[in-house]
Each structure stands twice: as structure tokens, then as C-alpha cells.
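So, here come the structures, one by one.
Each of the two complexes below includes chain A, the first together with chain B, the second together with chain C.
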Partner chain A sequence: MLEITDLRVEYEKGVPTLDHYDLTVHSGELVSLLGPSGCGKTTTLRAVAGFVVPASGQITVAGRDVTRIPPNQRDIGLVFQSYALFPHLTVAQNIAFGLRMRGVRGSERDRRVAEALKLVDLEGLGGRRPAQLSGGQQQRVALARAVVIEPQLLLLDEPLSNLDAKLRVTMRTEIRRLQQRLGVTTLYVTHDQIEALAISDRVVVMNQGRIEQSGSPEEIYKQPATPFVADFLGFENHFAGTVTAVQNGETQLQAAGRSFTAIHADHDLNPGNDVWVYFRSEAAQLAAAPAANSLPVEVLLRTFQGSAVEYVVQSAQGEFKVRMPEDQLRFDPGPAHLLLNPQQLIVMPKT
Partner chain B sequence: MKRSRWYYVSLGIVYFFLLGPFLIIFAAAFGEESTLSFPPQGFSLNWFANVFATEQFIYSFWTSLQLGLLATAIALILGTPVAYALTHFHFPGEGLVETVFSLPILVPGLVIGLSMLQFFVLFGKFNIVSGLLIGHIAILFPYAVRVVSVSLRNLDPSVEEAAINLGANRLRTFFLIVLPNIRAGIAAAFILGFITSFNNVPVSVFLSGPGIQTLPIAMLSYMEYYFDPTIAALSTLLIIFSIVLVQAAERVLGLSQFV
Partner chain C sequence: MRRTITILVLPALLFIFIFFVLPLLFLLAQSVQDPETGRLTLAGYGDFFQRETSQIIYVRTLRLGLTITIIDIVLAYPASYFLARMPARRRTLAMSLVILPLMTNPVARTYAWLIILGRTGLINNVLLGLGLIDQPARLIFTEGAIILGLAQLFLPLMILSLVSAMENIPEDIEQAARSLGANSLTTFLRVIVPLSADGLVLGATLVFTGSITAYVTPVILGGNRMLMLSTLLRQRALMAFDEQGATVVAVVMIATALAVNLIVRLFRPKPAAQR
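Let's turn to the complex of A and B:
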């Protein structure tokens, strides 16, 4: 549906913001671009919308090459971070604007505007001005305005970042339901990993103008492919090690004189490779006695967090965070053993 | 907070020198004597009547009014696209364009007036009215560009992009979306420009000619022959006119956010 091939974008000559960038979004799919500010995710979106002219490469939408088509002829819906509603027009006039530009008039226009208002639950507010609406309502108007033209592709640029935390969760569900109901192919830009995981069919993690990893939310969350993705997706802990053996889907590692086993290492690893081992704070457990895949640690701090308890521990491999259910054995500062779950150890080559 | 005595003393000094001259003129306008004096003797409205009886003032008032309105309108029509270009595009020589457009603010009015006169004389064929008009457009242009630029910069660029994304071309976007949202800025520029033109002496003095004078020039030449309170009465009327205009604009548009 959306096909980006070998795209290169330069704001400054010779300094690419995006380079060798390939991305495919299938029909009806919601793909989010996730990454820190400056990673090129908004640039990608603006290139698709036509506000950024690429230095090279190709963008096609539904088989039509739009790379050189001006932004007002692309038939793509766009929702801005600032909503960008027209302040001098009413809600209904805002929504009608795209139809007006397409020469849709009279009762047909009124009907479609009314339908769009209903779609975003704003019936009866058509006569208001944007300034008279709450942030969430303005967001819905922006959505209605973008989808009323029945675009081939919907682009959303950090649509929730101006809302408070509670509304963000509500709106994100609404956006997803609306997207599924309309079946509109959608590209969603965000820097919020929870939002991306919750809303997407597929998450594309970007860093410095390149794609780090692309996969389902589960894959991205559980099997980060690069240290960057692991850090960005909130893996609290990592340490360095060396591969000693690879067999039967198990990787044997050596780190600071101890050996560990990790299952499901996706990479082509060979004995002797230097690797990073990442694990989440929930993937480890404190124990009183050593066991397989354990290492001796010193408990430094215990923090009660309601349903869970978080420990900060010191080991020969560095400082780790460990999160355990609240009802488990309590560890006070002092020596203990840290058990690492081999299923949840992510091993990736050092580059 | 207790304010010191010096606060009131310095405030008093500022007010005295700022408002004092106006108050003297204001008071002198109501005096009976035929020379401008302060404190005024007696009370009379004759001098106000005299203002309206002096044809020179009436004619030049209309000249100034028409000149101000027309010059401001043209300066805005020419200046708005420039402001749009300066705020929307980066192009080589951008800085130079901005400097050239602010020249009429930086160069003393007398120098502008003199150069304009020389220019018109050299290239002939300009009658006095068009000379005055061109001169005034030139001095108003930078104000128009500046004030309109400020209101363009206050408009979220994504609002325009939203219109383009929805299918409008740049021109339609400008008239349907941009212009309605910078109305207040344009009106502010209009009032500022009009007052600037209406009060201008240094440029008008060079470009006025037989039979065609602006009001300030008419006042100057009147004072060369008479020194009676008529001038004070006219000044009083002009002060009131300006205050009313600016206050109205401030009320309706919030003029001060643009300057």
C-alpha cells in the first residue's frame, strides 16, 4: 500500500536525515514509527505527506508514484501534533474543508460532515470554534477532518503528545478502533513505546535515520534485535559476555568467570563472539542459594512499589535492577544470588 | 510594597516632561488672546472655529487623509507578499532584502525626502500627487512588512500545511486560511501606517508643491505667518483624533502585541 524505497532526505546538503530508507505498510495495517526525537520518524511522515522533498528514492501509495507529486494532490489524511485546526472556522467547516477542496458540495457534503462528526462522537458540536473545545475534542476534530476525505493513507504525527496521561490512553484506544473500523492504512509516529506497542500491528523502531528493527509489538518488546532497541524498549539491565557454545537453540555464555545459558538467540552467533546480554528487571529473581544461571550479588536497596518490590543489586557484572512480586521472600541489603531466566536473556553481538 | 519617595519623584518628572507640553498646548487653545501664550487669558472657542474656517487646513486635512489611506493600502498590498516570502521561504539574499526594506526606518526622513525629490526631478514626469504617494508608500512599506511578518510568524505553520494537505494550493491556502487569521495584524499595520503617514513631515516637506500640501506641512507654513492659538486648537484636535484611533484599535485588535 505504502512503499518507500531507498529514500534519502537531506535538510542540509550532504547531511542525510534519512538514508537508504525502506519501509512497506500493507493495506489496512497500522504501523508506528517509534524512536527518540531527531531519529527521522517525523521526517519520514513529512516525506510521505509531501512536505519534504527527498534527495533520492521513491514513495508509492497504492501503486502510484507520489515522490514528485505536490502535497495538495496526494490524497493522504494527516493529523498534526498541534491539531492545526483552522481557528477562524467552525468545527463543521474545519471538517468540510477537504471536501470543499475536492468540489464536494451541498447535501452530500453536509451528510459526510455529519457522518464524520458522529464517527468521532462530536455530534452537536459542529457549530463551535476550535478554541471552545477541550484538547481531546480538538484531537477528534483533527481526526474527523483527516478521515472525512476517505484518504488512501492516514498519517498521524504524535497525535497524543499534547493530551494528559489519562486522556492519552482513552484516545489511543479510540484511534485504534476508528482505524480498524475504517480499515484505513495508517502510519503513526510516536516517541512513546507504550503507545506504539498498544496501538500497532507493527512497530518500526528508528534511530539516526535508520530502521533498527521492525516487527510485531510482541517481537519488539520481547526480542529486541539491537542494543538501541533494548535500551529504548526499557530493558533495564545488560552485561558483557563471550559465547562459548551454540547448540540446539541454546547459547552458552561466559561472563566475569561464570557461565550462563540463554535460549532463543536469533542472531548468528559463534563461539568466541563478544556479546551483550540484556534482561528486564522482571526476568531475574533473587534467591538465598546459588543455582544454574545464577550469580552472586549484593543487595543495595529495596523499594516497595505496591504489587512489586524493586531491588538494586551489585554484581561483578555491574549494577542491576530486579523486580519481583511483592509476596515473595524479602531480601534486605546484604549478600544474595540472582537467578536469570534463560528464556528471557537476550543475546546480541557487540558491534 | 512601600514605594520610595524617589519612585514618585521620578514618575512625576517623566509625566511632567511627557505630558506637560501637550497640556500647555491644550490650555493655550482655549485662550482669548491672539498670540499663543501660557497661562491663557480668558476662555474662547474661537480658535477652534478658526481651524474649520481656514481653507488651507480643510484641504490639507483631506489630502492627508486620502494620502494616508491610499498609501497605507498600497504599502500593505505590496508588503504582505514580501512578509509572506520572508516568513515562509529561505532564499539567497534574504538578509539583504530585509535590510533594504528596513532602510526607510533607519535613514533620517529628511534624507529620504531629499533623495526622493532628486529622483523625481531627474526622472521627471511625476506630478506632485504621485510623488507624494510614492514617497509615503516607501516610508510605510517597512512598517507593513514588519507588522504583517509578526502576525504571520504567530500563525502555526502546520495550520497552513493542514490546508495544503487537504487539497488547497498555496494561493487558496493564503486567502482561505492565512489571511483570515492575520486580519488583526493587517488592521494593526493599517492603523500604524496611516498614523505614520498622517504625521509625516520630513518626506512630505520635500514632495509637497503648489496647491498640494499635507496637513503637517500646512501647519508649518501657517506658523511662518501667524502665531495665534489656531495652531494649538488644531493640534488639540489632532491629538484627540490620534488617541481615539489608537484606543479603538487597541480595544478591538490588541494593537500592542504587534509592535
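Let's turn to the complex of A and C:
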């Protein structure tokens, strides 16, 4: 288990990258830190690894306070975006490095190196040099090297960013399976929302050194808690409104003279609150006639995208993107009505 | 394409041939020619390797070269690591400071050593003033003086070679070693040193060959009391007027430097192919 309590990290003197930062990763859990560059996710990872010295706060790994302990005594496995393999050593020697440092020798070491090679499907490649391997193979060596020492905690810093798109998907599954098989507590840093959602038990969205939201991938995807999370997780559309009534888990809204109903609204909202309403392009539908939860729009553009068709529409609330299955009624530029699914309207207070 | 390249390189090749290769060949020819009869003879070399003074000087030259190289490696490694890990902007400035000694006039630079090491130099004055010695100690015209002067002269070369090799070692690799349980020293020995071996070999070759062929420093700091090959050459040529003897020394010196380069090239560690 990893526990970070009230951490403050200053990169440049006096300017904190992280402040009052708390994070817990439970035993065997895979938590990803998701956010744009500069949000502090890598700094968090580097502080946990011991390469950044925090100004204050505490980091414990498996109950041991490691805040002031040098990186080599932290018992943490680290995987880098650049793989960071030792180019002068063979694959087997790379994997053996951590065991060697721990005084594991002879047949025991050979056995564990062989096991690790098997674990990442690289049997028979132990004698190669890193430069003779493909990017995916190199990253598997890096993984094997990090887990062979059976660390208390595994840290992965954008491990897939140097791979091509297809390989990224394969490797992501492999990493997840490996992590589950070993049951190792893992902190995973990425800027790729799809990757984070696919691989994690829990996703922590970060922005400007703070945690915006922490939750299961489903929660993060469906119920963003802040405008930042909604934007980062790809909610294409939003408009401003005012709460008129809250009852039975339903929120009634008023926007540009029209009323809407939203079903999921986790926030404590009261009538009169100014809110943002977010919805994904799939959460709306074009229709020929008005209905409940609809607003009049002007279709500006229709783009065919294979299984779906994307429309750009103009309303009194602004421009929206709408994505509908390809087999639905076709709308050409001109007036129409946009139906909003009350289940998929995310309401959050304007701050 | 090929022909154009040949034409482009031709002037430089010709220049080098006429003003470098040709004179060397004359030198070589003269060293195996009897000065009186003009016949082919190896007597000059026999004389060189049999005479005790030239043996002593030859061994001394090699020993000093080795000592200077080792001193520079020991001094340069930590400094180069520090420089290679500096932010790029500050490193540029620091590197120009490292190179500065190479750009000062060699004679002026070496005379500065006299001010420090001479009979009435800084060190002797201080030691005398403190009453630690009664008479000025001999610091100049010693092996120590030559070592000091040459180690200082060639330290920048070693640092330059090492820094350029270390710059290419990503910090990630070091951190990987640290996270796997290596302390700073182990990381240095097992990761930094092997990955900068190319720079080490280059620097050591430059310093060693530079040291065994250096002239100005041994002349001023070693004088006629502490001869090296280069100063022996001067003595033979300008004081003893023994032209053949001088050419023999010259050929031995050049051959030794070439041999060292060749041996190092043959036995240097295979560069780890990166990426």
C-alpha cells in the first residue's frame, strides 16, 4: 500500500508543484494518475520513487515511512517511458541487475531471471542486447526488470507513450494482466484518458498539482465532478443554466428560456444555483419535432464517419457536436430539434 | 558523386602529403642512414636502445605519460559527471572555462609554474617563511614538476572527452539503476563508467600521447636535468648536433605514440550500441 499525506513539493524555490497532496493506493490496486503535462503527475511519481525531495509531508510504502530514504532503499520497481535499459548489458543481465544489488546469486538468480523472462514472454532472448529488440520487447524487459525484485510498489511513468498505437493496446493489456497476476500495488502515470480508463482500478485526475477527481473508470467517464475532468475526458458539449427544482434525484434546469431534466446530479444543488450542463456527443439525438428535453437547433454540418454520423449544430446555447448511429434518419443542413438524454446530462455548479 | 568527393578532398590530402608525410619519410630515411657512408644501417637505433641514458629517458617518458593519464582520469571523472549533469545553459559556460587553459600561450602558462615552483618561488618562500625548511627545496627540474605541468595542461582534454560521452547517458538509466537498489557509487561504477568507456579511451589516448610528445612543459619544468624524449631530441639536434641521433629519437617517439593508439584501438571495449 502507498500512502501520501499532505505532500508539498517545490520544483523551483517557493513555487509548489504539489501542495497539500494526499493519495492512497491500496494493496494490489492499480491507480493511474491522469492529467495534462505539468499537472504534477510525474512529480508525484518521482517523489514516491525518491528522485524529488518533498518540502514537507509524508510518503509511506507498505507501512514504512520512505520520505527521507534514498531511492535505492525504497524497494520500488520503476518503469520509464524511455525504457531506460542498460545498453551495455544483455537482456538477462538487465533483469538480473536488481537481484545482484540485493545479493541474490548463482542458480537462484538465474532461476528468477528465467521466470521473469517467461512472465513477459521473452524466453530465449536473454542473451540479446536491448538495441537488438523492438520497442515493445524493450518495454517488456523493463517490466521484467522492475518486477523481478518483487517490489512493494510498482511505478510506471507513461510506459506506452513511445510505442505505436496498435502495440500500445496490446501492451496495456499485458501490463494489466501481469499486475493482476502478481497482485503488485501499482501507480501508473499517463496523459492518455483511454489508457487510464482501460487499465485502472481507480483513476485520479490531476490538474495544476491538485486532485480534481478520484474514482472508478466508469465514474470518471460517466460522472465527471468538475468542468476540467469533463473537458479532459472528452465531453464535447456544455451550456450554462440555472437550477429551478431538485427532487427525487432529478434536477430541473432552465436554460435560454427552456427547461430540462437531468437525472444524475451528485452535487448538492439548490434552486437558483448557476450550473454548467455537460453532455457527450452520443448523449443527444436530432429529431424532426420538439419533445421533452429538446431545444431547437440549426444543422450546420454533417460528416459521415463509418458506423456513425457526426453533426455540428447551432443553438441559442452555442455550437454542439452530435454523434448518431449511421442508420438513423438523415439530417441535412437546416432547422431541427436536439433531444438531450436526461440520464446523460451532467450538472455541476459554476464556481 | 564519388569523383566529386575525391576532388574535394584532394587539396587537403596533397597538403598533408607534401608537408607531413613526406618530411616524416625523410626523417625515417635519415634515421636508418649512416651519416658518413650513406649506407643503410640500424646502428642509430642500436645505439639508442643500448645506451643507458636513453633507456632511462625512454622508460621515464612512458612512466610519466602513464602517471599523468591516471591522475587526469581520477581528477576528470567526477568533474565531468558534474558538468554533464549541469543544465545545458550553464554547462556551455562551464565548458568554455574548462577549455580556457588550452587557449593560453603554452610558454606563458608554463612560466607561471616557475613563479610557483622556482627556487625563489611562491612555495619555497612560504615554506621558508614558516621556518619549515632552511634552504629552498628543489621543486623545479623534477619529475613531479613535469607531471604537475602536463597533468594540468591535459586535464581539459580528458574532461572534454568524458563530458561528451557522459552527456549521452540518459538520466533515466541512472535512476533505473538507483531504483533497482544501486547506491550512487555502484551506479557510477556499473553504469556511468561502462557507458562512458568510449570517452575514457579517447581521453586517455589523447593525454598519454600528448604527454609523451609534449615539448614546452618538459623544456621549462624538466630542463636538461630531467629529460624526456622530446627534450632529448632537442638536445641531440641543437646541442650535440647529432642529426641521426635526433631523427632516431623522433622516430621512436612517433612510433611509440602510434603503437599506443593501435593497441588501444584493438583492445578497447566494444562500444555498446545504443538505441
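Note that in this section the second predicted complex is superposed on the first by the 351 of 351 C-alpha atoms of A that agree within 3 Å, B and C clash if a C-alpha of one lies under 4 Å from a C-alpha of the other, contacts with A are read in each partner's own complex, and residues count from 1 in each chain.
Rule of thumb we're sticking to: a residue touches a chain if its C-beta (ideal position, glycine included) is under 8 Å from a C-beta of that chain, and two chains touch if they have at least 3 such contacts.
Please read these numbers as outputs of a predicted model, since none were measured by experiment.
After lining both complexes up on chain A, report clash or fit for chain B versus chain C.
Chain B and chain C clash in the superposed model.
Contacts for A:131 in the overlay, against chain B (first) and chain C (second): which applies, first, second, both or neither?
In the superposition, A:131 touches chain C alone.
Can A:314 be said to touch chain B (first), chain C (second), both, or neither?
neither
Thinking of the overlay built on chain A, is A:98 touched by chain B (first), by chain C (second), by both, or by neither?
It touches chain B and chain C both.
Tell me the contact category for A:27 with respect to chain B and chain C: first, second, both or neither.
Neither: A:27 stays clear of chain B and chain C.
Is A:145 touching anything from chain B or chain C once the two structures are fitted on A? First, second, both or neither.
The answer is both, since A:145 touches chain B and chain C.
A:51 in the overlay: touching chain B, chain C, both, or neither? Say first, second, both or neither.
Both partners, chain B and chain C.
For chain A, what residues appear in both contact lists, the one with chain B and the one with chain C?
In chain A, positions 49, 51, 70-74, 76-78, 80, 82, 84-88, 97-98, 101-102, 145, 149 sit in both the chain B and chain C interfaces.
Show which residues of chain B lie in contact with chain A when the two form their complex.
For this pair, the touching residues of chain B are 156, 158-159, 161-169, 172, 177, 180-181.
State the interface residues of chain A toward chain C in the complex, per the touch definition above.
Its residues touching chain C are 49-51, 70-74, 76-78, 80, 82, 84-88, 97-98, 101-102, 129, 131, 142, 145-146, 149.
Tell me, which parts of chain A touch chain B in their complex?
Residues in contact with chain B: 49, 51, 70-74, 76-78, 80-82, 84-88, 97-98, 101-102, 145, 149.
For the complex, give me every residue of chain C touching chain A.
Against chain A, the touching part of chain C is residues 170, 172-173, 175-183, 186, 190-191, 194-195, 272-275.
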